[in-house]
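Listed below are the structures to be examined.
After this come two complexes, each holding chain A, first together with chain B and then together with chain C.
For the complex of A and B:
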């Protein structure tokens, strides 16, 4: 094994170990589990029961069921929450000193960020699968089949890493747990400036213009298209938006970590 | 380290031109009150903080330029290091193994070995949230040992521990040192520095104000005093005259007429000559007590202030009944 591949394998083990630790804590801590799994389902229930009449509006896409139409919104909400909890957990590690333990170890600093985001990806994979399965008894059908569902889940997971990257950058720059916790309301801004629960064409014009600049618009439409097997969204555009977001925000998180180490 | 300086925002110098050498294989006790600069110094030496100026080498590597090499050589148990309460001791040890490049099987084996070493085999698979303070500190020590470091940094390792847990940790630190690990220990407990450290450095306001072995430091502030309790007060004057050959005799204390004090660099070693001398003159002794200057006396002497919040060790006392 060459030195480079040896180093890569070593850093890979670090990323996996940190990801496993983050996921373990996530599933043992009710206050992290509740918002990531239960809150999106509650919103799904409220929207599915309260606004299903929207399906009858002129211009509403021809979908098998309203629940199936809004499940992509639930998935994206889940990804935002998964990303935010990554930032909260990181800020908590910084505030309570655990991050120092990681910094005192001979690991590449990028691996510390990737380890956290690996857990976010893992969480989003589980969340998205869970939401898709839970929606089925309530009438959700996925015409895109298993392949479509797998691709949709993959795009959602990459998006979660993208949101996690922003949250991690804020956590690393500020080290403030309370600031990260105060960001929860912004989740709804991100969510409702994308066509998460309503077709883009039926949004009011101002919101429609704003939605064009929200990368989650393309993600949610791609997920919807893949699940429904229709052309309501372009999978490639959604994949590009998710990947672009993930790359940019991961880069920001790494820069924030470097800046933190340089200035502390 | 040479002329090490760490300045925080607002111009506060937590470390202010520190020069320090620690020999391979020794236990160096870094003693000082809260806010003296101990933790800042340890954070620089463990690569967690960059110095503003000056240079520090750990295990022969520069803490700024060769930070990664330093991290491979050191084990760190920080005062405020959080240990995930939701994870088990074994899980955390395995994760720490991965951070230090161990493969899964290697990390599993090392975790088991270390749990045994620090006496946490039974608790190893329980969540850390249920551990006592002493168990957490032992786990913290085990985490610092995963990669068999050559230098171990312990930042106030026994703060808040009960005497039994403290003694257990001291035994482990001594055992590690006997195996060749160099230990850099910060503490605000004088007794801890005295019990463990080969040499002690006293830091105050970011500067090293005294350094040496505990005995050297204590000798600098004065010699031990032998307090001799006589059977009869009327022999006190004669005893004082006789003891002038041993060392400086303390002036009489009207509140304790049967008590005679003499200072001797020999400390306990002077008990036998004193007893013999007085016995030859037929002066009956009830008890002899040796009082050594404490590190607290040293601290007060070099800084002009006591150790705020530090546990002051009782004077070393040894009584001989006759």
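For the complex of A and C:
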């Protein structure tokens, strides 16, 4: 084994260990997980029942299951909350000094960011699977089959890493737990400027124009297309949007870490 | 020979006033403290309107302006979360030991939470007004005029007080800030298990039943007199709203008092 591959393997283990630590902490503190698992489901239940009459609108696509049409919005909401949770946990580590101890460890510092995002991916995988399963007894049917569902979950997990990257960059730049905790409404702008719960054609005209520039638009449409087995969204475009978001925001988080180290 | 000991009763109103002032200072002395509580309902209002605005095209929708429909909902949501924050702040005071000191003061326990709840009601006027102004700027209508606005503000303020009592009950029961999500989700459920997105005739399934028995539905209808229905001479939307608020105040107030009575015993 060459020195480079040895280093890569060691950093991989660091990323996994940090990811496992983050996930363990989250699952040991139920109050941290409750909003990420319960809130999107509550919104799903209310929207599915409160707006199902929308299927009678002219221009609304012919869908076999209205709940299944809404679920992609719930999944994307979950990815936003999972990403935000990563930022909050990182800010907490910074405020309470644990992150300083990590900085003293003989590991590549990029791994510290990647470890946090690995946990976000893990959380999003669990979350999205949970949402898809819970929606089934309430009438959700996924004509795209198991393959479609797995691909949809994978795209959601990459998106969560992208959102986690934004939150991590802000946490590293500011180190403020209270700031991260108050980011919740601002992150939801991303959700509401995408066709999360309604078809893009039926959104408010201004919102429709804005949606074209929101990467989550392509993600949510891809997830909807994969789950329904229709051409509502292009999976490749959705995958590219999610991956692009994740790469850019992870880069921003790494830059924020470097800046933090430079000014410390 | 000495006469019977006469204990001086501490003046009660100043106690409420001081605690009211203290709860206001928590936002007045922290720069930007009101910002998230104000921006969140505005973001939700804009988002929901953008997503579901076309629902006004359905038969039975009582207005063709969806933002008019959503403004009262967002006002109640903002007021409710301001009220629930009372519980979170009380839980913090309990955890940090400050509330134990208040408990030994020679004042009735309900007064110890009356000030913070009044503080929340005062604070909720800021997001409520901002939501209303943004809504009006974006085309919300005001068929209810000044009386309608009064109904909206009374509904929001009283709903904030109810949410405050719920928060106090939860804080007294759990005595930890970790109960914060429970306080907020109580408000979330109360607001959204109602005619939040569509009128009752368009609700389907279990939500129609839930909205029917949820008292917040009547509070919302009372608030919607400002921007949707206008004040009806029969007070058909006012009286049920006032009764619902009175009922919630009695039930949640009793829960809060029960929790406070158990504290320190």
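The rule is short, and it goes like this: the second predicted complex is superposed on the first by the 264 of 264 C-alpha atoms of A that agree within 3 Å, B and C clash if a C-alpha of one lies under 4 Å from a C-alpha of the other, contacts with A are read in each partner's own complex, and residues count from 1 in each chain.
In this text, a residue touches a chain if its C-beta (ideal position, glycine included) is under 8 Å from a C-beta of that chain, and two chains touch if they have at least 3 such contacts.
Treat the numbers as computed from the prediction; the structure is a model and nothing was measured.
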Have a look at chain B and chain C on chain A after the superposition and call it: clash or fit.
fit
Which angle, to the nearest 10 degrees, do you get at the Cα centre of chain A between the Cα centres of chain B and chain C?
90
Determine, for the superposed model, which of the two partners chain B and chain C contacts more residues of chain A.
C
First (chain B), second (chain C), both or neither touched by A:47:
second
Tell me which partner A:125 touches in the superposition: chain B (first), chain C (second), both or neither.
neither
Is A:13 in contact with chain B, with chain C, with both, or with neither (first, second, both, neither)?
first
Looking at the overlay, what does A:185 touch: chain B (first), chain C (second), both, or neither?
second
Mind working out whether A:64 is in touch with chain B, chain C, both or neither, as first, second, both or neither?
neither
Check the superposed model and tell me the shortest C-alpha distance between chain B and chain C, rounded to whole Å.
14
Which positions of chain C touch chain A when the two form their complex?
35-36, 39-40, 43-44, 46-55, 57-58, 178, 180-181, 185, 188-189, 192-193, 196-198, 202-208
Residues on chain B engaged by chain A in the complex (per definition of touch)
46-50, 68-69, 71-72, 74, 76, 78, 80-84, 86-87, 91, 94-96, 98-101, 103-104, 127, 143
Okay, in this complex, where on chain A does chain C touch?
31, 34-35, 38-39, 42-43, 45-47, 49-54, 56-58, 182, 184-186, 188-189, 191-193, 195-198, 202-204, 206-207
Touching residues (chain side chain A, partner chain B) in the complex
10, 13-14, 16-18, 20-21, 24-25, 28-29, 93, 96-98, 100-107, 262, 264
